[in-house]
Each structure stands twice: as structure tokens, then as C-alpha cells.
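One chain, chain A, links the two complexes that follow: it is found with chain B in the first and with chain C in the second.
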Partner chain A sequence: MEANSSKKKGRISRVRHWCSKHFSDVPLLSWLIGAPVAAVLEDFVGTPLALGLGLPKVPVLFGFVLMLKKPLLIPSILIYMILIYILPVVVTAKLTAPLFNRLASKLLNVSGRLSVVIHLLLLYAGLHLWSSISAYRLLTLKLTLIAVMVTLSLNVINGYMGEFSCSHPGFMALGAYGASVFTVLLFVNDKIFGPAHLPAYLAPYMFPIALILGGCLASLGALAIAIPSFRTRGDYLAIISLAFMFIVKSMIENLEVVGGPRGLSSQPDLAALPIVFIWAVLCIWITNNFVRSTMGKALNAVRDNELAADAMTVNTRRTKIIAFLFGAFWAGVAGGLFAHVLRYVNPGTFGIQKLAEVLAMVYFGGLNSVYGSILGAVSLSLLSEMLRPLEMLKWIIIPLLLILLMIFRPTGLISFKEFDVIKLIQPRNNSREKS
Partner chain B sequence: MRKLLVLLLSIGLLCLVFTPVSWGGKNVIKIGINAPLTGDIPKVGEGTKYAAEMWLEDINKEGGLKVGDKVYKVELVIEDNESKAESAVKANTKLITEDEVLVIVGPQASKQAIPAGEVANNYKTPMISPWSTNPATTKDRPYVFRGCFLDPFQGPVIANFVTKEFGFKKAAVLYDVASDYPKGLAEFFKKAWEDLHGPGSVVAFESFTTKDADFSSQLTKIIKSGAEFLFTPQYYNEVALIVQQAHELGWNKPIVGSDSWGSAELIKLCGKDCYGLFFSTHYASAGAKGKTKEFIDRYKKKYGYVPDDVAALTWDSLGIVKTAIQNCGKITGNIEKDRQCVRDAMAKIKEYKGITGDMTFTEDGDPIKCAVIVKISDKGEFEFYKSVCP
Partner chain C sequence: MSHDFGGLRAVNNYNLSIEPAQIRGLIGPNGAGKTTIFNLITGIYKPTEGSIIFNGHNIVGKFPHEIASMGIGRTFQNLRLWRHMTVLEHVKMAQYSKITYGIIGAFFGTAKRNREEAEIEERAFKLLDMLGIKELSDQKVVNLPYGAQRKVEIARALATEPKILLLDEPTAGMNPEELAQMMDFIRQIHSELGLAIFLIEHRLRVIMELCEIVQTLVFGEVIAEGPPDEIKNNPKVIEAYLGKEMVA
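Moving on, here comes the complex of A and B:
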């Protein structure tokens, strides 16, 4: 038995070794160029290939849903996945690696920022092409990006600041309602707010203002918790913030102006994929800079030992307030986007269930890490979408996963790791080439 | 390693050989069911699923659905919406764009049916929500229908019934302010009652919040207000608590409810306290006749309990879907054309004879149908008392 397991381990490490030998010199740029290639390939030959393999349609979320519904199709789906996604991406990445290594280093020499923008454009192209195949993919992608924003903003408070805040659904609700009221009031003929005040063509330009307004409203709410909870930490803050969440929910339920428990609908259709993508990137970029700044380090100091931090001239009170408002702002923006993707909000959405979801994403992905938040949000969003056909079993599998994770990796999948963009987009030349 | 690979490959090839190639051929009609199988109201999802499966059984017994002179196989695509608004939207999008269903039945609760209806309307796919009572679900959406009457109708029905039956003049209302259905209905009832008996005739209008379990302060106020009866449009689990606590506090006047009472669970939770009370609903299970009785008996035999109104309404909605597809006359295989055709046929349905009453759709996609007043008998059965038509 032992020999067997060590043999297995040997095999895994051999695979890993093989991968690192062959792919360590592939820069991110090459991987990213592979994504649109695969998506274009799927666009052209996806349907005939899928039909040829006996699949009813192009597998929508990597065929997982289909696998669960019709297990007999698993081999076909695997072949499809290899032919459409894995092979093209790997081949393109490998083939373009030498060229793109040089390109990446040149780009980096010209300007780091330009290089980042080009990477992002490629990433967006890949996502856009991938999601253009089906409206269901598009919706899932948008909601996943929003989940990334919420998770990251909660990680600032729960991970970097080390407090346990439970008010994020409340902040989201404030942002969602703030942004919705703004856009509905100005651009929609609505029975609650009367006729539109501005022509509809202005709506896309005013949408950022709506989102920022939503974010600011959420920050204002955060200030309302931050001030009375100066002196509390740990459990007490958790309770206060939980109370805040319920206050927000009850408040909206009792506000007849915004529809009360019936919710607010007919938001204009403003949250297209590029808009959501840009806001998600902005959120990741700004948050990453924030947590790597002096302020971010001060946050870590407060988390590790508040007294010591105070002694080291960190203004702990100010640090905590800023982080709290910062996290709330992005949760509010994400809420505003959420409301405009669904084009309906009701207070019931922002309850305990949402809180559990977001917390699970934060702790699954990993505390104190931007990578972790992205990974946690993406994996749990996709997982819960893929496992939906299992109905009740899904609610056993996902919590079980969380329990296992907490046993084997108590701080999450990727925790306490810095997200260094420049390092990520560097050319991956082997050391001998460098010298 | 190599042996394993060979084995896997051969298994894979075998599977490939055995997969039916004609997936989703032209002779299949797909119907989407968007139901809350998990989440807050799993019982509702279960009722929906069971009714749909029974309906499919009937279709299969006939060998398929006959449209024009061709017989089509029917496939149900059941999606779980987890009782969440965003999941309902995702599920609808998936049903429409991925599974390419012809018609969608569901979601049940208004908080999911409103945003999901938006999706269905945008993609020009007919959708019928059996249970959603919020006017916004079908408002200005030509492709969205519903299978039940609305709250603005139910409120006056109860007000009129109590006035005629008991001759009362002072009403008390106890409702959940945080839940859209009870709140809406409470307000419609108040308006109707005050129209009948003048302003101030609702002497107590008390509220609580979802998941409250102690209603003694509200009930004490209601008892002191001198109301002659209590109207509480709550769900069955809360009704049991409210009724029991009211009786403990010495309330012995009638308590009247709405269609949300109509669950088999009510009697289990409430027991003798609920005997003799009245509520308005879509159909009465005890003493039912004809098709309704047939449905109830079959359901009870198969799943072991008397179906709730959700199951009955889902059954009727599926019946309407079937009639609409058959009235459409021809399935072309072009899904957009077929959806349009089914939608038009559905809007034209006149006096569909369902187990919950006759239905004709208005322009908004809301049915004109009768409400039933049910009395809970001394055996704990829901007995037909009176039918109130618009």
C-alpha cells in the first residue's frame, strides 16, 4: 500500500516536473493569446465537432452540467475539451513562446502599464469570444466577475485587517439600491419615480456616476458601523456588523419608495460585459495597490498586534476606518452592477445566504491574498453553477469541500501571497538565456 | 500506466459507440421547469416537480404529444433555482438559450418570477408562472402568463365573503411586513374593507418580520382593538403559531386567511386550533369532484400526501401549455417561430377547464378565474365552502 502511494506520488511529481520542464518558459502573453484562439476555434468548429461526438450542443460550462446529467457522454466531453480548449491553448502557447518572450520583454522596457493593458485586452478578447457563444455563459461570467469584486472587498476587511465583518450583503444592498434609484429616476419612465428626467442616450455615460454613488452610499453605511465599533474587535464587531446587515434589509423592506419587499425592477440595461470587466479590473487593480501600500502594511500590523502597531506610530483608528470604507465602497459598486445585470433587486437577496456565500468565497480562496479572492470567487461561482443539476446533493458537496479545505489548508487555497502584476507578465526566459 | 491508458481509451470508445446520435432531434418538444427544489421553500419545488412528472407520465401514456397530425415526444428540463432571484434568472437563461425549450413553466415565487419573466420576455419565450401573484410578473410582458388569480382580486373576495357571511364591521389584520406577498395582500384587503365599511373600519393593522415566532404583543393589541375577526395572509408555518397564540391569549373570534394557508403541513402544525377556520384559495381538496378529484387521488397514491395548491396550479399551467401547443397546430422546428406561435395560441385560450377552475387570459396574461372559500373541517380537511367569481 505504502509503495503504491509513493509510486503515485512519484507519478504526480513526474507530471509536475514534465510540465515545469516544458512550460516554464511560456510567458503569460502566450497563454493569453491561446484563449482567444481556442474561443475562435470553438466558434467555427465547436458545433459540428460537438454533434459529431454525439453531444447535443456545444458544452456550455466545460461540459460539467452535461456530464452529471448524462454520464455516458463523459468521454465525448473530455475529447471535446481536449480538442477545443487544452490542445489549442497549449500548442499556441508553446509555439508563440519564443517570439512572445521577446515581445514581452520589449513591451516591459517601453512601459509596464502598456504591457498590462495589452494583457488585459487579450484576456478580455478571450472572455468576450468565449461568452459570445451563449447568453448563459455571458450571464454566468458577469455574475462571476461581480462575485470577484465582492470577495476581494471583503478580503480587505476579513483578510488584511483581520476583523470578522458580516455586513457585506448590507453594503451591496446599499450600493444596489443607490445605483438603481439613480438610474431609474433619471432614465426610466417608472410608476414610482415618474417620467425619465434625462434622455436615454446619456445613460451609459452616467452609469459610472450611479455606481460611484452606490459605492459612496455603502461607505456612508460603513461609517455608521465603524464609529460605534471603534472599541470592539473580533466577535463584537461581527455582531455589530451582522446587526447592520439586518438593519439595512429591514430598512429597505419598509421603504415603500423603492418598492419595499416587492423589490425594484426595470433598471436600464447598462451592465454589458465590457463595463463589468472594466469595473472588475479597476477593483482588482486599486485594491491590489491599496493593500501593497503603506496603508495596507499598516492594516496587517493592526491585524497582527494592534497595541504594537499603535506603538509603531500607526494610527490604528484611522487605518481601520479607511479599510472599512474602502471595502464597503467596492461592495457597493459590485451591488450596483449586480442590480443592473439582473435588472431587479429585492431586499431578500441580501440576507444571510448571500453572506454565507461571500464568506465561503473569501475563506475558500484564501485570506490576505488577491489571487485567493479571485480564485475563490471564480471557483465557487462556477462550482455552484456546475453542480446545480445535483439539487440537494450540491448543498452537501460544497460545504464538505469547505470543511476538507479548512482541515488541510486552514487559511484557504492561496493565502498570504502578493499579487505582483509585473512579475506575472514578465518574459519567462530560462536563466542561461538571461546571462 | 500504458495499460491503464489503453483501458480508458477502449472504455471511452465503447461509450461513444453506444451514445445515441440523434440527441434532441426534431421530434422532441422540450418544456422547461424552473422550480425552487432547494432553498427556502423546497416543498413548493417538490410539488412542482411531482405535478410535472405526473403530467409527463400522461403524455407518455398517449405515446407523445399530438400536434396537428404528428406525434412529438415531450422532454421536461427541470432546473433548480435555489429560491434565489439570480439563480432563477440564470436558470431561465440556460433553459432558453442552452436547452432551447419551447415553453417555461415557473418560477413559482414572485421574487424569482419577476426577474425571470424579464429574461423570458426578452428572448420571446412564452413563460407561465403557476403561483406568482405579484402584478409586476406579467405587467407589460406579452410573453409572460400566470396560472393563478392576483392579490388585487383576492383581497376584495375575502372582504366581501366576511361581510356577507358574518356581517362583521371591524377587521384586524396581522401580516409580515418583510415578505412581499402577505404585505401586498394585507394592503389590498385593507383597501377593499374600507371601501365597504368606511375609513377606520380596519381597527388594527399590525405587522411583524419574517421568522418572528412570538406574536403576543401584536395579538394583545388586536384583541384590545375590538375587532370582530382577524385576517392573516401568512404562510402555513406562521399561521399555526399565530392561531395557537391567539387562542392562548383568549381570542375566540374567527380567523380568516388566504391561499398561502393551503398546504397539507398546516394541519400537521396547527392541529385542532385551526378547525373551523376559513381561507380563500385556488381549489379545495376535500369533496372535490371530477378531474380535480382524479388528480388529487392520483397524486396522493403516488407521493403519499394531498397535493398543495402549487401542485394543482402547476398541473393546470402544464395543461394550458399542452392546449396552447396543440392549438398552435404545427411545430416547424424553427424554435423562434414555434415560440411565437405557442405564445399567440396561449393568449387566445378561452375558458380552459382546469382543476382549479375555468381560465381565460386577459391582455396582461393574467387569468380571469374564480376563487374558492375553504373551510377547515373537524377532521382537518380542506372542505369546499363557496366559490367566488369575478
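Moving on, here comes the complex of A and C:
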């Protein structure tokens, strides 16, 4: 008998080995500066390069849509990607690595929080510059950030606490309508709600209140799921949560005061990229704080063995309430942002289709993991946009991908991996002490 | 207390009185109701009749986590560990009732939360060190051998700082060497922590060597109660374990 998996493993592990050999000493700071560099480069030479390669214009979303529509242009698109994205990022990263390793370690010595803020500013700069080229990119980026919030908040309930909750679209709807009613009522001359009550310049300052109100409304709704969860788990709770989602959708459809099935529009333009970015970062930061604490790990204890958790002084009821209300809150905030990005919201958005999308993002990205939620949200959002020209096929390809993933990696791409911010931003050189 | 499951009287007129630092035992054939009694004491079931007084308070009707916080710790017959957690995380989780930082601390990483988390971790390391399993602290419990898992289960219960520890068949599935180690382990925690221990066991050897007073439970009723030597020679006990013919 001979064990012969070495051939295939060799190729993959050789690639990984090469990557880690050449890039293991590149700190996150260097990668983050690569993005703005590529974006600025694209700003200056993007259009001439694209036209020179025979492309009609700068490919908006990494050229995948173009690849599907005009397969003959694939080589040109690949050249463009390499010259504008891959090469600048990689070269910048490698070149700046020594300097930025020193910078990263100096920053960490001054203050961990300062270092994080600088990383976030760089990240934002990259995103801002990249998305400033086209309105479509901006919209996709905002929707992706919102998807990250939705996925992470659902992961708290389905991943960390191991329930199967189908109520997330309902929470999003409550948040979307809650925030929208608040802003439209107060700041917009609208035929349903009458004249604006407050001056327009106050709107950006009250927007956080609108979002929090939406989130709290969603949390209130979550009590309808949390309380039954004391007595039931698994399939039964899934049915209850599914019922909740339908109830919320139908309720809104029947509420003429918020527009019913025609929806609610004319939300003020308050969801600018920095706002959406800040809320997404807040969501990730707070959720990560929570799940790393002993109080947060109690969610895992309830999932893995509730009886034992009870016997070990864990207040399982309180844990379940916190998890559901927390997850619902962020879904509500995400819903509020969603309503203000599109400046229109209608109940049809928050049905079975949305449920399938959010569940796919959570299970694809990875359960019980912040990395997984980010990856799942970003990859499925982008995939969804890239496959847009294929229309119906899109909803065959994405589920097929999910099935394939479930066979080979049942818990998702990156699951059960802890998100340690300090480890992420540490300098990567051999002189550093591994903590 | 007595307890019914529908029409079945699982526990009938059960009486127990246990003093601080006493070691008591509970033996009986499978299905006698021993684990049910543990479940009644720890609040998983509410007795149909009767009361349970702990430290002067009647704990009947309280939630299991409240009873655990008051000082009744337990282990489970078939090990109820948390698959995705490490040994250290188990011992930290059992200190849940000591957390005072609330959701504000949990969400925002306040100084109070960081301080309390550090204290919890320190207490956890101390306990693991005392029990001799500190080297295992970063291991996921599912990777440990069975004997080590049993120790982790007990360590976790001890982290709740119980005044009385209920051990449900701690030596199940062990070979003679592991058995001797486990008995030493139990003696060690009894002498170092001074807690009362109530032990469910099948092996008479363990009962003989560790317990001061033993109850024998058959079909939910105590048929004999006394020091191990008396119980060993009690004809009713022998009949329950070995059958009527052996008594003569």
C-alpha cells in the first residue's frame, strides 16, 4: 500500500512556502499603503492604459463583468489588473517593509490605539481613493461594508451561539424603517409625514441617533426570538425565527403610514462613505471585544453544552438575551444605513431572498470568526456584483459554490479563528519577540 | 424529597444531610436514580415534593446557575466539556458569576473589564497549577486523553469555588492505574480545599477508601445508609448488586 497524496500537496504547499518566504516580513502597514498607491496610479494612468489595451474604459469592478461580457478582452484585463493593482501593491509592500516594520513597532510602543487609528486611516484612504473613480464603485463599497455588519451580527447568533436564526432580514427591516421614519419625519418635506420639523444642517448630527433608534427597535423585536429560545433550540427556534421574519415583512406591507408595499423614499443623503466606514469599524470592534471576553465566550459554552454552562454558574438566559439583542441591534443599524445609502426602502427587500443571501455569507465566510464574517461578506458581495450579467445563473452559481464549500469545509472558509488586533498590526521582522 | 417523572416515582422519600468537609457516597445499580438526585440538587429538575436547604436557604425552584453560584459544584457522568474551548477557557468560564463588568465592559474593553479578565485568568492558572495540569492549559479539551479530560471536568467545577462538590462517577472507564491517580486527586482536593464531596460510584473500592458515610439507592429509595464497612456486609446491598441467591 502506498500513500500518494504528496504530488498535489507539493504544488500547493510550494506556492504557500514561496509566499511566506517572500512576504512574511511585510507588516500590515505596508499592505495598507499599497492600496492608496494603486488607486492614485489608476487615477492618473488608468484611463489611457485601459484605452491603450483595447478596453472601453477603466474596468469598474476588477473587470469580471467585462470578462463575462467580452471574453476576448480577458488578456487585456489581466494585464491591466497586474499593472494597476497587483504589481503596485506588491512592490510598494516589499519596498516599504523595512521602514514600516520600524514604524509599526514604534507606533505600538507609543500606544496600541494610536497604531490602530493610523491603520484605519490608511485603510479608509485606500477605499476612498479607489471608490472616488466611479459612483458604482462607491455604491458597491458601501453595500459591502453594510454586508460585513449584517454578516458579523448574524454570526454572533448563528456561529458563536450556534442557533439557526432566520430572523435577520426582519431585524434589518425594523432598523431600516426605524431610522428612515426618524430622518424623514424630522428633516424632509414629505407627503406622508408632512413638513420637516428640524433644519437640514442638523441632520448629519442626528443621523447616529436615527441609526441607534433603528437598532433598538430591532433589539426590541429580537425579544420575540430570545424568549422562546429559553425553551427551544435548533429546528423549533428556526421555525419561530422564520415566522418572525414573515410577520415583520407583512406588518410593514400593511402599514400604509410608512408607504406599505410601495416603500418609503426620500431619505436624506446622510450615508456618506466615512459614516458607513466608521459604523462598520465600530461594529467589528465592539463585537470582537464582546466575543473575546469571558462573557462573550459564554455564548460558546451555551452552544457546546448548555447544561454544563448552567452548572458552571453561567446565566444562560441572560447570555441568550444579550446575544440576540446584540445581533439584532447591529442588523438594525446596518438596515438603517442600507436605507440611507439607497435612499429608498421597501419591505420586499427583506424576505426569503435576503435571508438566503445573509445565511450564505455567514456560512461561506466561516462560523464563530470575525475574519470569516468579513471574508464571507466581501467575497459574496463582490461575487454577486460580478455575476450580475449572468442574472439567473448567478443564483445557480452562488448556491453551487456554497454546496461545494459545505462538502470540503463545513464550517466555512475561516472559522473559529480569533481576531487579535495587536497581532495583526505588529511589525513582522525576525528581531521581534513573538508574543 | 421525592420526584416523579409523569407516573413514575423516580425518587421516593430521599433524605440527605451532609456536613462541611464530609465525604459521602451514593451507590446503587444503574437506573436507581442517582444522577436524578444530583439533577434535583443542582436545580435541573424541581422536586415534586420536598425541600433542599443549603446554607440555611431553600434552593428548590432556583435556576441551576444560581444554585451553582451559591456553592454547589458538579461534574457529569458522561463528561460535558465544551468542544471548541481550551482547558484554560473552561476554568475561566466557570468563574462567570464573579464577573461584574457588565455589557459595557464587555463591549468597550474598559479598564475594569481588563482588570477582571486578568484576575480570572490568574485564578484559573493557579487552580490548574494546584491540580497539576497547568501544562495542558492551551490544549483544546477534545485532544486530551480521557483521564485528563476527567481532571479538567473536575477542575472546571472547582473553579466555581463550591462548598460542596457533586462527583458523578469520576472513575468511570478507568484502568487501575488511572483509578489510583483519580482517588489521590480527590483526596488532594478534599484536603487542600476543605470542601464537602458527594460521590456517585459503582466501584466499591473507591467508596471504601474515600467515603465516610455511604447511601445505597435502589429504585429511587435508600435501602441502606452507614459507614462503608457496614454497607459492604449489608445483605440488602449484596442482594441489589449480586442477586438473591448470593445472600445465603
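FYI, the second predicted complex is superposed on the first by the 417 of 435 C-alpha atoms of A that agree within 3 Å, B and C clash if a C-alpha of one lies under 4 Å from a C-alpha of the other, contacts with A are read in each partner's own complex, and residues count from 1 in each chain.
Keep in mind that, in the parts below, a contact is a pair of C-beta atoms (placed from the backbone, for glycine too) under 8 Å apart; a residue touches a chain by one contact, two chains touch by 3 or more.
Values in this document were obtained by computation on a predicted structure and should not be read as measured data.
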Checklist entry - Are chain B and chain C a fit on chain A, or do they clash, once the structures share the same frame? => result fit
Next on the checklist: Once chain A of both complexes is superposed, is A:274 in touch with chain B (first), chain C (second), both, or neither?
Outcome noted: neither
Checklist entry - For A:310, is the partner it touches chain B (first), chain C (second), both, or none of the two (neither)? => result second
Checklist entry - Between chain B (first) and chain C (second), which does A:204 come into contact with in this model arrangement: first, second, both, or neither? => result neither
Checklist entry - Of chain B and chain C, which one contacts the greater number of residues in chain A? => result B
Checklist entry - What is the value, to the nearest 10 degrees, of the angle subtended at the Cα centroid of chain A by the Cα centroids of chain B and chain C? => result 130
Next on the checklist: For A:296 in the superposed arrangement: first (chain B), second (chain C), both or neither?
Outcome noted: second
Checklist entry - Looking at the overlay, what does A:410 touch: chain B (first), chain C (second), both, or neither? => result neither
Checklist entry - Which of the two partners, first being chain B and second being chain C, lies in contact with A:228: first, second, both, or neither? => result neither
Item to check | First, second, both or neither for A:112, with chain B first and chain C second | outcome: neither
Item to check | Smallest separation in angstrom, by C-alpha atoms, between chain B and chain C in the superposition | outcome: 32
Item to check | Partner chain B, residues of chain A touching it in the complex | outcome: 11, 53-57, 60, 72-76, 78-79, 134-136, 139-140, 143, 249-250, 253-254, 260-263, 265, 338, 342-349, 353, 385, 388-389, 391-392, 394-395
Checklist entry - How about chain A: which of its residues touch chain C in the complex? => result 286, 289-290, 293-298, 300-301, 304-305, 307-317, 322, 368, 416
Checklist entry - In the complex of these two chains, what residues of chain C are touching chain A? => result 42-44, 63-65, 68-69, 73-74, 76, 80-85, 89, 92-97, 99, 101, 103, 105-109, 113, 117, 120, 156-157, 159-160
Checklist entry - Across the complex, what residues on chain B touch chain A? => result 1, 11-13, 15-16, 18-21, 23-24, 37-38, 79-80, 82, 84-87, 89-91, 93-94, 96-98, 110-111, 114-115, 118, 123, 134, 136, 177-180, 183-184, 209
